[in-house]
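Each structure below appears as structure tokens.
What follows is chain A paired twice: with chain B in the first complex and chain C in the second.
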Partner chain A sequence: MSFLEIKRLRKQFGDVTPLRSVSFSVEKGEVVSIIGPSGTGKSTLIRCINRLETPSSGQILLEGKNICAPDTDLTALRRRVGMVFQSFNLFGHLTVLQNIVMPQMDILGRSAEDARKEALRQLRRVGLDSKAGSRPEELSGGQKQRAAIARALAMQPEIMLFDEPTSALDPTMVSEVRNVIARLASEEEMTMLIVTHEMRLARDVSTRVLFLNDGEIAEDGSPEQIFDSPLNESTRQFVMRVNSWQWVIDYGRTDFFIMMSSLEAFCQSRFMNRRLMNSCEMVVEELVSGHIQPCLKDYDEMRVEFRLETIGDNESVTLTAEFSGVDLDPFDEYALPMSDAIVNSKTRRIPQDGEGIRVWEIIV
Partner chain B sequence: MKESFAGRGALKHSAAVDSAPRRKGVDRRKHRFIQCLLRMASLLLAVAAVGAAAIPVAAARSGQRQPEYSTFEQLGGKTISMLTGAPFEELIGSKVPAVGEFTYYSAPAELLLALRTGKTDAFLNNSAIAALYVNKYKDIAQFPEPLKEAQFGVGFSKKYKKLAEWKKAFAELDPDEIEAVWNKWTSADESKKLPLKQDWAGKAGKVRVAVGDSMQPASYVNAAGDVLGMEAEIILMMAKKLDYKVEFMPMEFASLIATVESGKADLCAGSLIITEERKKVLDFLPYHETAFVLVVRAKTEQEETPAGFWESLKDKLRDTLVTDGRYRLILSGLGTTLLISLCSGAAGLILAFGMASLRRRNIRAVNSVIAGYCRLVAGLPVVVILMILYYVVFGSTNISPALVATLGFTLIFAPKAYALINNAVDAVDSGQLEGALALGYSRNQAYRRVILPQARKIYFPLLRTQFSLLVKETSVVGYIAVVDLTRAGDIIRGHTLDAFFPLLIIAVVYFFLTWLMSAAIDAGSRALDRLMKGGAEQ
Partner chain C sequence: MVINKQRSGDTLTIAPEGRLDTVTSPELEKAVKGSLDGVTELIFDLAGLEYISSAGLRVLLSSQKIMNGKGSMKVIHVNEMIAEVFEITGFTDILTIE
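Let's turn to the complex of A and B:
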């Protein structure tokens, strides 16, 4: 008998059916990440497990007991299942310490002294013991999420659910939360279920990754399998998309400032180091100002599509430019010597067979 | 916290964070204190200024007393005043050619003040009031020609079957004695106007008599609550013959007829003039003729040197507060106002929280009942709600009017508090509820421990404002025969015939009352905060 077993789970909201039929099981000590495109019901799935949502049909068995049964004691269930939210949900009227102490006293009936000891132990675990007396609004996003994790842990749950724990954070704060979750996984052998958009979290922390697509589990495998050699075509496309940045310059109607900040956000989300990020940005900028903009002045119906792809842990970064709508090659015909020099110093050209396409590998 | 080094660090940290706002709080309190001193000073300044304007008039002009106007022609183009709602414009218009303007006041004492300060040139009233005023004040005089003859009468409930018996008793009274009573109560000599005693057994039973509480000289009450006045005395003379014990029920003039009509009293008195309209709802025992007359200023030959500013200020203050122990009336009115507003504020709050927790159950029928009740209260004037409660809902019971007022204001305050609490609860982020539920809180627990404490920050300041408004709103309870602070002022004005000082004192008392209450609520909530903080910090 698995610790948690989900059988043909279905959830419908009116006309929308985010979960059609989901089945999988989780053993004690496993860390399972659930990834997938937005709107495929990842959060709904995890919220069904502590019954913040009620499934339309199917079963969720926790140690063999169906928690979807109508007579389920929800408060007792939720005591066993810890949850961390995207928006932290720390209680705004209490300090960090009180946030962790109060539920232990109210729900587990612990003495004030025991609750306080436990709270401080958990705060040390997430590295926040110095912030015990602070109010939630005084903390950064990453600190808030760590406090929320400590609060859930202090209730001694048997399984922890993480609902997009890093989505509301600045890219710079993602790693502190990821490290805390990774430590829980490796040192405490906590059973965890993580819904995330953050591929690095899924890859580094989990023992198993589920790819949820169209309300069903499309692929279930180890992180290496899912990210490096997916069996399923939809998984492959999804993984590739989250690993690449695309931008279309269409008939000269592109706002280049928005384009550059989108590129920067992508580089941050891939945790590129400073130098690699600079190279990517400089190359794209010089290609635009040195070749594409001059060419657009003469041929305003030209269309260029940029694609930046990373493989593995940024081991290889390639930039592809596909152009159409003009007979000439803007990268040959329009060239400022200064721009060319910069692009050449930061890239290695990868020869291509077809017309209208160029590929560079970014080098640091 | 002692056993962990990190914990101690946290404690120190929080102490450091706490002390700064506390110091700031002291500064702010000091600042607030200065602000309040300034406010008080400006209030007193305003008092003195207005007092200075009013007092020279009070220093009576005297000399040979002749009315300033003695023919209807002379009143042409002048301002003539009367009580609000008195239908005499046509009557006056038929005698006075081209009246300049009609103005209206709500109490006889205000008419008097208006005449003496020159805001009006003549006022209309019954001959009893005119006689009393002219006897008391040397700077006014009665206009020689009466406008219309009329009859004073004691009103009898149509349900009360003993009118014939009372008529017989009245017929047996000595007319000279009645005249003596009239003269005594309309004279300027206050020493003979003593509280009325009932020294007979009252074997025939009890009779409930609603009397006007500020209708000098017909009926009024002193600070001790004793009933005085010629009409009250005449009723007692009859009651003695019939051996009835009289239970006087003093109230605002406007409430007299409704009280008898609803059966809360058997008789009513207080300068009631018999009219065809009133005869439809009451039976009358006519006891004295009267007339509608005009009172005008007196012509003066020479000006008396006015009394010094401080002297007359002292006199006025003494008259309003000290004479006859009138401060007691203000204190007991203050107590009533305080009691009604505190009780209805607390009960309204409890009702509001009850409704708010009912709403969370989300039962459609209950929700629409609550919504309907709130809309009903919001759509009715406060006075109307109070009068409906007193005269209709509790019309046939003997419930104390103060209790009815408390109930009324509870019903009025609750929807306001309910709306504030609801909005505040809705304003708390829904994630807070989910966070609590996910930890294992039940919905009710989550509401109590997580949602309400955060909502309180939002609704509390608004609730405090609403409570201040409630204190002031209670000033209309006089309509249902409760003597609150405002009514106490009215009664004193009825005695001293001075509209200005009692109003001013009442205003000052209200100001400090609402201000102190706000401060008390603030202090209370801060203490509560500390208590709750300490509770969770343990």
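Let's turn to the complex of A and C:
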């Protein structure tokens, strides 16, 4: 018998069916991440597991007991199943410590003193004991989420559910929350189910990754399988899309500010260091300003599609440019010397067989 | 980008902070050209500069050309990343870098 078993789970809201038929099981100590495009029912799935949503059909068995049964004691269930939300859900009028003490007294019936001790213990665990007396508004986003994790842990749950724990955070604060979750996974062997858009969290922390697409599990495998050699075509396309930045440039679309902001946001989302990020930005900027723009003055039909892809932990970063609408190579024929020198020093060209395509590896 | 300017006699110090790229370089160019009256020594203090592309290099180059005719120009506090771009593009031979 698995610790958590989900059988043919379906959830329908009116005409919309975010979950069509989902089945999988989780063993004690496993850390399972659920990834997939927006609107494919990831959050609905996790919300069914602590019964914030009631499934339309199917079963959820926790140690063999169906928690979808009408007589399920929801308070008892939520004592066993901890939940961390995207938006923290801390009470603004209470201190951090009070936010963690109160549910222990209300739901577990702990004494004020025991609850306080436990709250401080959990705050130490997430590195936030110095903020016990602060109000949530005085904390950064990352600290708020760590406080919310401490609050869930203080209830001593048997499984923790994380619903997009890093997606409301500024990119600079994602790593502190990821580190706390990673520590829970590796040192404490906590059973966890994590819905996330953040691929590094899924890759670094999980023992297993589920790819949810169109309300069903399209692929269930190790992080290595899902991210490096997915078996399912929809997984492959999704992973490629989230690991790459794409941008089209043609006569009407050469707004540098928007392009560079978009590229910078992608580099940050991939946790590139300053040096690698600078190289990526420079190469793209010089290719556009020193090659493509001069060429567009003569050939306004030209269209160039850029794709910057990263592999693993940015071990390899490649830039592909596919160009059309012109019968010459803009990168050869229209190279301003300064731009060309910068591009050549920051890249290694990867030869391609076909025409209309250039691939560079970014070097730092 | 923030452009700090400080005039002391015939010496003008310009300290751009942030990114000097295709988007921001025209601003710097305008700021330089509008303030060179009576200046015989132009100093670019790049301590706060995080990024420079060829567009930014062109502003330095055109400033150098103007100053060649009326005095001198130097570039100071060049960090490692900016120095690398100067090196790649041969600017270390064109500019006076301290």
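Quick note on the criterion: the second predicted complex is superposed on the first by the 361 of 364 C-alpha atoms of A that agree within 3 Å, B and C clash if a C-alpha of one lies under 4 Å from a C-alpha of the other, contacts with A are read in each partner's own complex, and residues count from 1 in each chain.
Just so we're on the same page, a contact is a pair of C-beta atoms (placed from the backbone, for glycine too) under 8 Å apart; a residue touches a chain by one contact, two chains touch by 3 or more.
This is a predicted model, so every value here is computed, not measured.
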Since both structures carry chain A, what do chain B and chain C do when superposed there: clash or fit? fit
Kindly classify A:E322 by the partners it touches after superposition: chain B alone (first), chain C alone (second), both, or neither? neither
Could you look at A:R275 and tell me whether it touches chain B, chain C, both or neither (first, second, both, neither)? second
Superposed model, angle subtended at chain A by chain C and chain B (C-alpha, nearest 10 degrees): 90
Using the superposition on chain A described above, determine whether A:D114 touches chain B (first), chain C (second), both, or neither. neither
In this superposition, the partner of chain A with more touched residues, chain B or chain C, is B
Classify the contacts of A:F91 with the two partner chains as first (chain B alone), second (chain C alone), both, or neither. first
Once the shared chain is lined up, is A:M155 touching chain B (first), chain C (second), both, or neither of them? first
State whether A:F257 touches chain B only (first), chain C only (second), both chains, or neither. second
By the touch definition at the top of the document, which applies to A:I342: first (chain B), second (chain C), both, or neither? second
Kindly classify A:E286 by the partners it touches after superposition: chain B alone (first), chain C alone (second), both, or neither? second
So after superposition, what is the minimum Cα distance from chain B to chain C, given in Å? 35
On chain A, what residues does chain B touch that chain C touches as well? none
Touching residues (chain side chain A, partner chain C) in the complex: 256-257, 260, 274-275, 278, 281-282, 285-286, 288-290, 336, 338-339, 341-342, 345
In their shared complex, at which residues does chain C touch chain A? 21-23, 51, 53-55, 57-58, 81, 85, 88-90
What residues of chain A sit close enough to touch chain B in their complex? 50, 52, 74-76, 78-79, 81-83, 85, 87-95, 97-98, 101-103, 106-107, 112, 116-117, 120, 123-124, 129-134, 148, 151-152, 155
So, in the complex, the side of chain B touching chain A is made of residues 1, 3-4, 6-7, 9-11, 13-14, 17, 429, 431-432, 434-442, 445, 449-450, 453-454, 457, 536-538
